[in-house]
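One structure is given below, represented as structure tokens, and several questions about it will come after.
Naming follows writing order (A, B, C and D), and every chain is counted from residue 1.
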């Protein structure tokens, strides 16, 4: 940790801070420059955080040397983590496509969609039972009834299923029915929920928040790992920018950045990442090309009747075409579609 | 609602959509242009939402004519809502300053800070018992013990107190101790929490999310009102932008926008809005000048020892100076500091 | 064009506006709703722009039905434009890789880099003679001497060369030496420069501004085409967002959006798009996968001695590896690397 | 400057870099930590920039200790710069209001507007002769004829006048007619133009770019000062964010930040900062409250007929009301309206 003092800081201020650093068992450094005094503190950055030196009135700025996360970091674990999703291995050289409707609407809609996506090559099923919606007047999901349908259809088609959990109180029910928890962008920093999921051993698909930097996403994952659950799959789904041509701005730069910083697998959600069905397939290919470990894609048997996110949902025929076109990109990226 | 069809849409497509509009009991309009066919649908925009025309493969874009919220809108209620905070009236011509530490750390710290902010002119006390923190290794708040201390100190100093609630399971406890709920930026779209708070009649201070547009904030407030709780106070606390000189970018434009769109009162939090204690006072003055109904300010008896957000916490003497300088701005804005 | 009136607008206000629409030779429409009056005006959106109805005190909002650009639009021209870059065809089914250093520093540096990139498969050479630099104390380019070196090396290696033009006064000199003009992100809305380049017939590579929406980029291209130069190549190079892990956020969503809206070819610059050399290759692959027509890549014989942008410049061996890995992605995308 | 090495860097790498630091005449520092080696280099940051250590393959990150600008910095000059605008002093305890139409359209329009704004209390006149417009089909300004009208009206009403310069070739003409140059947001990083203005001694009003950090603005000002022109006035006019309720997001945080970092005066443009005439007055008051040195306001005798930016232009009566309401805020901020 590098501490830059304000120009008006005296030698006494510097000494007092150096003492605090030393008292924590860290190695202090004193670097007087011509225009600023710079202090250093070497050791565990988390102990350094406890010093809270950025609150000190004589400190101009504090710059970390190491990342604030530990368990999720690539340095902690050199090889890729592979997460088992009820028999489907996510990460490593696998490229995993999970598809399904935004929301579970009925048994008929789920089964039709599940059969279609499976036939086209998807290996996992998605569908929301609890839907966080911007408007209180919009469809909010079927709740536990939706979970039951999801599980039934997953069993009928032989695929693991993932579904969003929006609150601690629902963790138990979702755990009972789903193969994995999904944490939505709006809940990426719902730390209580993250802790609760850390108590489980079921995989967690953690979506990046709309205003979250990659490091914020990694810190959120650290919450889950720090509670004991190592089965975290990250997901890039677009960030909030000034561009209005697409619903969100899919930040594919994040994929190689994530790969460099953590051992956890990462999926891409091109449906939310673009918000427009015509753009889902090209961005799915781009995701494969830059190193993602798989996709989360919204498909609906009849998108024009979907109760949510119909505009970005693929028709089954479009999804089939996406899958057909995807394979050479996956192979070129050194992975296997399965 | 205005529906622009794709260039390839035929007269039959248009007719089919017009029939759906009519079937909902809405007034359909057909406007054939030289390059695009435009359809209109007049009536309740919420009914229109149920048509989900943006999912239709022949629809290029859908533009709303009316705002998606109703209960919070200025058109619904011409005069300003005044929220009663245990005897302190927020809104109208009142300018309300609520101050205190980021987190409740100890009885001694709370009492010292509360006495200082009261002496300087604050009329409400803030302090967090449940702290959402980016790092799992950071101080997470004292929990219910913190609520008890907050209530005790609020009683001792004769001020209403507000504290953050981060989860449905805590609503009951927070309701027991606090004068008002605070919903943090990260929970602005925790819709389950918003619904739970809508069941209460205690005031809710709803902070704008880091990536939330003003209309997203108003939709979040609509959740609370739609459940029956009219006592909502909005709060602008800065949005996420590319600027790194300050922690967030305080969007004061939002104040006159909010005033034009809703009857609800709105506070400004210059502490989170800047993240740096030196900039809190000028932005507090700017908030008063552009029409805010009050402030939420972080003050700590010893900021350099604060367990969270010390860098943006004012020393008691700084807060006293802020309050002294603030009054002429409040008066010039046609409000009264009380 | 759809015009929504304010709630307080009377029938007289509406009539007066309808008359202005009719007087322009456009078709007016009157749609009275229960809460708002909506007016329509059908016809050439550019004529509508001249009405400047958004300035009217009784107008709440104005929404365009058609895009504001015309010559660049996909509707104007269904098939892809192919731009001839001194014998290298850009667009259509070609995938064009242009590479070279950020700045021309010396004949030796240019020649070494040019030979290396050509050997690896690049078909065009880049290198800046006029460098827009954030700091007045940084290297500003060799100017006309740089142009001479660039041309000489381009001839020696048999590649077309592109270089940035930052000002109208330099257009003539750049036109003399270079195969194509490059307009940098900071000059995307230097409209005087765009007009001057519209007078030329040499190709223009137009880079997207850091805060420019896709439609802003297309409007900038419209400036050049409207002056008579149809040879415009667009370039996505990253936008300004809150993410700090990379220098810019490469917006690959923009590629399919651009392909849907215009017939012009589009390149991707993964060097500026990431700012970090390790991330250039994966993003180059992603660009090919989502439909880009080629790449602009920074390569330097000795990046650690580069006078600008060394951090994002590839070593020759890294570029060779990039090219080797790229081909299957280009082929899978239905294009040919040449 | 703090240099963090990659984990794989050896002692030899560190030594080689330390030698380069020393060879520049700077003081090197070696700080080996448990997980990273950190190097320091103390001295003139601009010399350090020449080392370009961020391009080194073994360097993980480079963090500056000092700001990259020098002449504009508050440390260079403790007291406020006051710029003389043809007899009107900008900066210090003065609060300067400059008003007028977006564009010079006719002698009659300019004179009517100038008389109105002068009567209401403005002390300077604005009006554009060269208009950078997003669309090539929009009004582009009257050019030199506009400059002549501006000067004539400025003389007739006894006010200094400011007008935008968009290109080096126009600097001479603008210098002849105007009291000060205005550099628009789109040209903030038109470094050639900045250099040319640095050769003049006329004041330059430098507007912040839409994607520019405060430090980018200060670096742009450094360009002008480094060429010898100390008469720079900064201007905050809103930045590009995701919020669409206003045209731009006025970043008033920037005012106290700018005041802390530089001795140059700073104006606020609430017209572009909001884009909507109803919101101009409250944001003008907020600008005064947080320490701005004045305003740049768009006023038009007949906004609904304005050839550009009519939506954000005030009616003369609205401007008069703005000025009446502004004074107590200016006085409370310790300044004088003159």
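Rule of thumb we're sticking to: contacts are C-beta pairs under 8 Å (C-beta built on N, C-alpha and C of every residue); 3 or more make two chains touch, one makes a residue touch a chain.
Because the structure is predicted, anything quoted here is derived from the model rather than measured.
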Neighbouring chains common to subunit C and subunit D, by label: A, B
Farthest chain relative to subunit D (centres taken as mean CA coordinates): A
Cα-centroid distance, subunit B relative to subunit C, in whole angstrom: 39
Distance between the centres, which are taken as Cα means, of subunit B and subunit A, whole angstrom: 26
Geometric centre distance via CA averages, subunit D-subunit B, whole Å: 31
Overlap residues in subunit D, where contacts from two or more other chains coincide: 211, 240-242, 244
Subunit D to subunit A touching residues, read off their complex: 2, 4, 7, 27, 29, 31-36, 38, 40, 42-43, 63, 65-66, 75, 240-242, 244
Sites on subunit B touched by subunit A in the complex: 46, 49, 52, 54-57, 68-69, 130, 132-138, 140, 166-169, 186-187, 189-193, 195, 209-211, 216, 219, 222-223, 226-227, 240, 303-307, 310-311, 313, 315
Subunit B residues touching subunit D - in the complex, by the definition given at the top: 211, 213-215, 238-239, 241-246, 249-257, 260, 273-274, 278-279, 282-283, 285-291, 325, 328-329, 331-333
